[in-house]
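Chain IDs A, B, C and D follow the sequence of writing; residue 1 opens each chain.
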Amino acid sequence: MDAPIRTYKHMIPLEEQAPERLVRRSKLISLDEAGSIIASKTSVSLAGSHSADAAMALIRAAIRAGAKNMTMIPPVTTSIAADLPIAAGMLKKLYLSYVGFEYLGLAPAFRKAAAEGTLDIVEADEPFIILGTQAAAGGRPFAPVQYLYEGLSIPELNPELKKVVDPFSGREVYAIPPLKSEVFIMHAQVADEYGNAQSWGGTGQERDKAKAADLVIIQADEIVGPEVITKDPTKTTIPGLWVDHVVHVPYGAHPTFSSNNYAVDEAHLKLYLQMMRDGAGDEYIATYVKEPEDHMDYLDRVGGLRQMSKLRRMLTNT
Amino acid sequence: MAEIATPGHDRYSTAEFIAILIARYCGGDRELWGSGGANQLVSLAASRLAQLTVAPNLWLFSGGAGVYNSKFDTLPIGTWDPRAGHGAECKILLSDIVDNGTKGRYEGDRIGRGGSGYGGLQIDKYGNVNMIGIGGPYPKLKVRGPGTVGVLWLGSGPNNLYLEHHNKRTLVEKVDYRSGNGWMDGGDSRARTLDGRDGPQFVWTPICVCDFTEDQHRMRLVSVHPGHTVEEVVANTGFELVIPDNVPTTTPPTEFELHVLRTQVDRGGLLKKRRMTVG
Amino acid sequence: MDAPIRTYKHMIPLEEQAPERLVRRSKLISLDEAGSIIASKTSVSLAGSHSADAAMALIRAAIRAGAKNMTMIPPVTTSIAADLPIAAGMLKKLYLSYVGFEYLGLAPAFRKAAAEGTLDIVEADEPFIILGTQAAAGGRPFAPVQYLYEGLSIPELNPELKKVVDPFSGREVYAIPPLKSEVFIMHAQVADEYGNAQSWGGTGQERDKAKAADLVIIQADEIVGPEVITKDPTKTTIPGLWVDHVVHVPYGAHPTFSSNNYAVDEAHLKLYLQMMRDGAGDEYIATYVKEPEDHMDYLDRVGGLRQMSKLRRMLTNT
Amino acid sequence: MAEIATPGHDRYSTAEFIAILIARYCGGDRELWGSGGANQLVSLAASRLAQLTVAPNLWLFSGGAGVYNSKFDTLPIGTWDPRAGHGAECKILLSDIVDNGTKGRYEGDRIGRGGSGYGGLQIDKYGNVNMIGIGGPYPKLKVRGPGTVGVLWLGSGPNNLYLEHHNKRTLVEKVDYRSGNGWMDGGDSRARTLDGRDGPQFVWTPICVCDFTEDQHRMRLVSVHPGHTVEEVVANTGFELVIPDNVPTTTPPTEFELHVLRTQVDRGGLLKKRRMTVG
């Protein structure tokens, strides 16, 4: 056979193609690398639920890396995972469903930015975010809904919500636009270095958000070997082939819950709220986001191993 | 605005009382969908209490964790608290909840609705709810709300409203913005707009219980809690409530009810600490 | 308080409402009852994958109960679960994605009905069934798709596929109609009597099909106690509150696989195909569907415990 | 139509050979999406073989079971065979696959496409596929096909075609019905219609390998399997194949390749028994 033909791989026996060592590529990168990648994007989506399972380490890394003027597609309910980025000037635009601290109070940075008009708020809600994400996950043009927005204020306040005529009934219904993001970041309890991840809590928002994103970065409390993952494939909530990068950050969801791993640090959330309300937001960001040399330094600043062990105990104890 | 302090409150908190009222409401053999929303601790406690006493077929949902029929005896700090998942029977996706909501039926109407409660910045006489904000013109709001989340599911069918603060700022003639459809503009406006889906049934507040009139669907006083009066309710409501001739006192919590609530549902006493106000 | 007021349940203390014994209602019914319920409907949807996890016991029960002229929304790929109902005259209309026996050959009853024009075939496919079911699961008016049906024959052959103008791009895209069913039937490996079910295999089609149906009936190889279900809530693929009835039928998926429980009965599938091709279809239906007194009698006719144990072994052995 | 019996077939079966060809094609460091469709046993074996030898980052998908990276050494009877799930790393939903397909990208183009293969009742010179039926007018078909399933995913991006029977009834000038878009009507017709998505790359048949010309995207002969000739290929193809001056013989399977295939992928010898025909 002559040379050009050899360029057809099916003509080359496997043993001739076989590499010296057959090595599966690891997707592990450093927290700082992840932060720079996120900061280089214009839109980010998040998972988690309220003050649980937020990708806080990645968010702090992105702020440290100088993330600015980004659009955020948050989980349908969230607290510090949206409020801190707003305080740090990371966000220009937010799809709003719920941002608040519930029994601890309202979200200070969010309310300040809203009052000062420094944040572009898209008046959204649970179905807008979930169905919009679902449409983007499948590259579908929009998500039609009926008997939902009729009579509500959102159609007047949210210009991204349009109308379309249902070709089957002839009735006018509403159309939610696809919500894609350039990067999706999430917290998982365990992941392997190939991207297979187990999120033990949450509400499954992460699956469609991963499919709706150009790039997926996972932070995991623990990196485990393949034998842990293959023990039960149904436990893998995010298949590795959906994932670009994995970052190892023990207690990376702090100060929020990591489902079945450690509890929310309520005292730290109260400290955050107090400092934000007292106009000491920059000091908080300096102390807990910008100055820490690395994630372990951050953990030391919030109480170190003693505090982390207490948070683990709080969860497993009930 | 005053912390509620009334006769009986050495014996129970208003939050405990409302949880017991909602639990009573859930009584019966029918399959019910209980609780739901993320921060509805009172409703969550009520559903668990009902399940343990009078509603064996109630499905207790912890929305934030996405699980059904948790077996907790210590109330979690939110339905998103992973501890809300203790002993659960199944876990669903948020998209399942969205499917229920857009379908306007909970599991194809197999299931009635029990202790699901919605609150808001404002609620008007037709039970419409506002979580967006107060004042305007939008986006220049006097008070910026936290967002609508799932309050629009009020439009999906017959739910209930729940208020932690009973005052004229919250109970208004007309909401500034509408995040959730109550009976809309009254009469048959809701039925015409939302494919005949039923509207809100009851309103639980720190000082009274209301429902809605049959035709106009205007909010109507049903009973006033012990230690409170019709006059107090009227004085703290920003619109004209329908007041029947006979307004009884809400049956107070019994020792049995408080005992089960405190020993099998809320061992941590979260509801004791819950802050509710009038005025 | 006067009487009418007592009609408000919130006025009646829990101890006064409490029943003698607090009993949670069981959803268990007999296979014959289930068959009659299915036979009383006009449309049925199925889950499973090819010759795996088909609700065969329920299908045989429905035929026995005289099911006729029904519309079937099958799994995207299936074999005997669609071919047998066609042979028995249970179906008037079929949403077609794939009906065949793969390496064992084509589907005899399906091909015969197609040739004789006795079956109304809707030319569908994987996305038509999955996205149509998804729309129905949420009561949404339709499912828009783009860059999918352009250039294909299905838009000409399937009148249920329509066009709609995307209000965001202004482009014309296709609209898949919602596919609801009056009853959804499925096979699960285990279920409790309250309807919580674990399907160990399959492709997750059962979740949206359950939500898209007015009534849900589950057949389970085993009925387990609550302690098995609560051991791991994430294993419950169908929450009990989606379910109306549960039927206990050991080896109920025979002759198809029951994932991780027992293997396909290839010899029986070959017997089925042979009899259908030899014009002995009525005899097959008499012997294996209509004459058996109950499910256990059916199992005896197909080899009884000896054969079932072999099928279990075949699966766990590999 | 003759069972293939040619020199070398005492040493290997055509199915084994095609599996090895597809495995070679998958060689490289890139993340690949391998196999998929329900009955693509040859493609499944090829993907597993490639993963074990030359493609460490290939994601082996068993479509019917919905699992990735099974560790089987005995080929299951179908990708829906629960045994295909042995040692898998994750399980996905069919709706995830539909999302990939409608998005027209496999995991956002992170992932290339390896041993995914589509066959059909008919395939034409532009690689369009028909699974609906032959003859007409519809629905009066001479041959009723089993249905389209996921053949339309051919339109989602650059895939490959795979044929178990090479004859004029299958390889036709123009398909009677189009279930899957190949290069459509050739030229830039596909790019214009499907948002620039790339079309089929290679065609694996029992007697040869084809690809498509760069501009017109017409099917072109690349290599002919040992024991077969260009003339035989032409005689059994229902349209005019593009024939280059130099058509080499497909590199036959090596002992190493057959050894790995038979000891680590297909211990049950399913591919040995697989029936393939020419003419």
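The rule we apply is simple: a residue touches a chain if its C-beta (ideal position, glycine included) is under 8 Å from a C-beta of that chain, and two chains touch if they have at least 3 such contacts.
Keep in mind that what you see is a predicted model, and the values were worked out from it rather than measured.
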item: Steps needed, at fewest, to go from chain A to chain C via touching chains; value: 1
item: Distance between the centres, which are taken as Cα means, of chain B and chain A, whole angstrom; value: 31
item: Centroid spacing, where centroids are CA-atom means, of chain A and chain D in whole angstrom; value: 37
item: Inter-chain centre distance, chain B versus chain D - centres from mean C-alpha coordinates, in Å; value: 58
item: Overlap residues in chain B, where contacts from two or more other chains coincide; value: 85, 92, 98, 102, 104
item: Residue numbers of chain A (touch at least two other chains); value: 139-140, 145-147, 207-208, 234
item: Interchain contacts (touch definition) - all pairs; value: A-B, A-C, A-D, B-C, C-D
item: Complex contact set, residues of chain D against chain A; value: 20-29, 31, 33, 49-50, 52-54, 56-57, 59, 67-68, 71, 85, 87-92, 96, 98-100, 102-105, 107-108, 110-111, 202, 209, 222-223, 246, 248-251, 254, 256-257, 260
item: Touch list for chain C against partner chain B, complex; value: 1-2, 5, 8-15, 17-19, 22-25, 137-140, 192, 194, 196, 207-208, 211, 213-215, 226, 229-230, 233-234, 236, 238-242, 244
item: Residue numbers on chain C that touch chain D, as the complex places them; value: 49-52, 76-77, 96-100, 102-103, 106-107, 110-111, 114-115, 117, 121, 123-127, 130-131, 134, 145-154, 157, 200-205, 207-208, 257, 259-260, 264, 315, 318
item: For the chain C and chain A complex, residues of the former touching the latter; value: 139-147, 162-169, 171, 173, 175, 177, 234-235
item: Residues of chain D touching chain C in the complex; value: 38-39, 41, 63-66, 74, 77-78, 80-83, 85-86, 92-95, 97-98, 101-102, 104, 132, 138-141, 144, 146-153, 155, 177-181, 184, 189-190, 193-195, 197
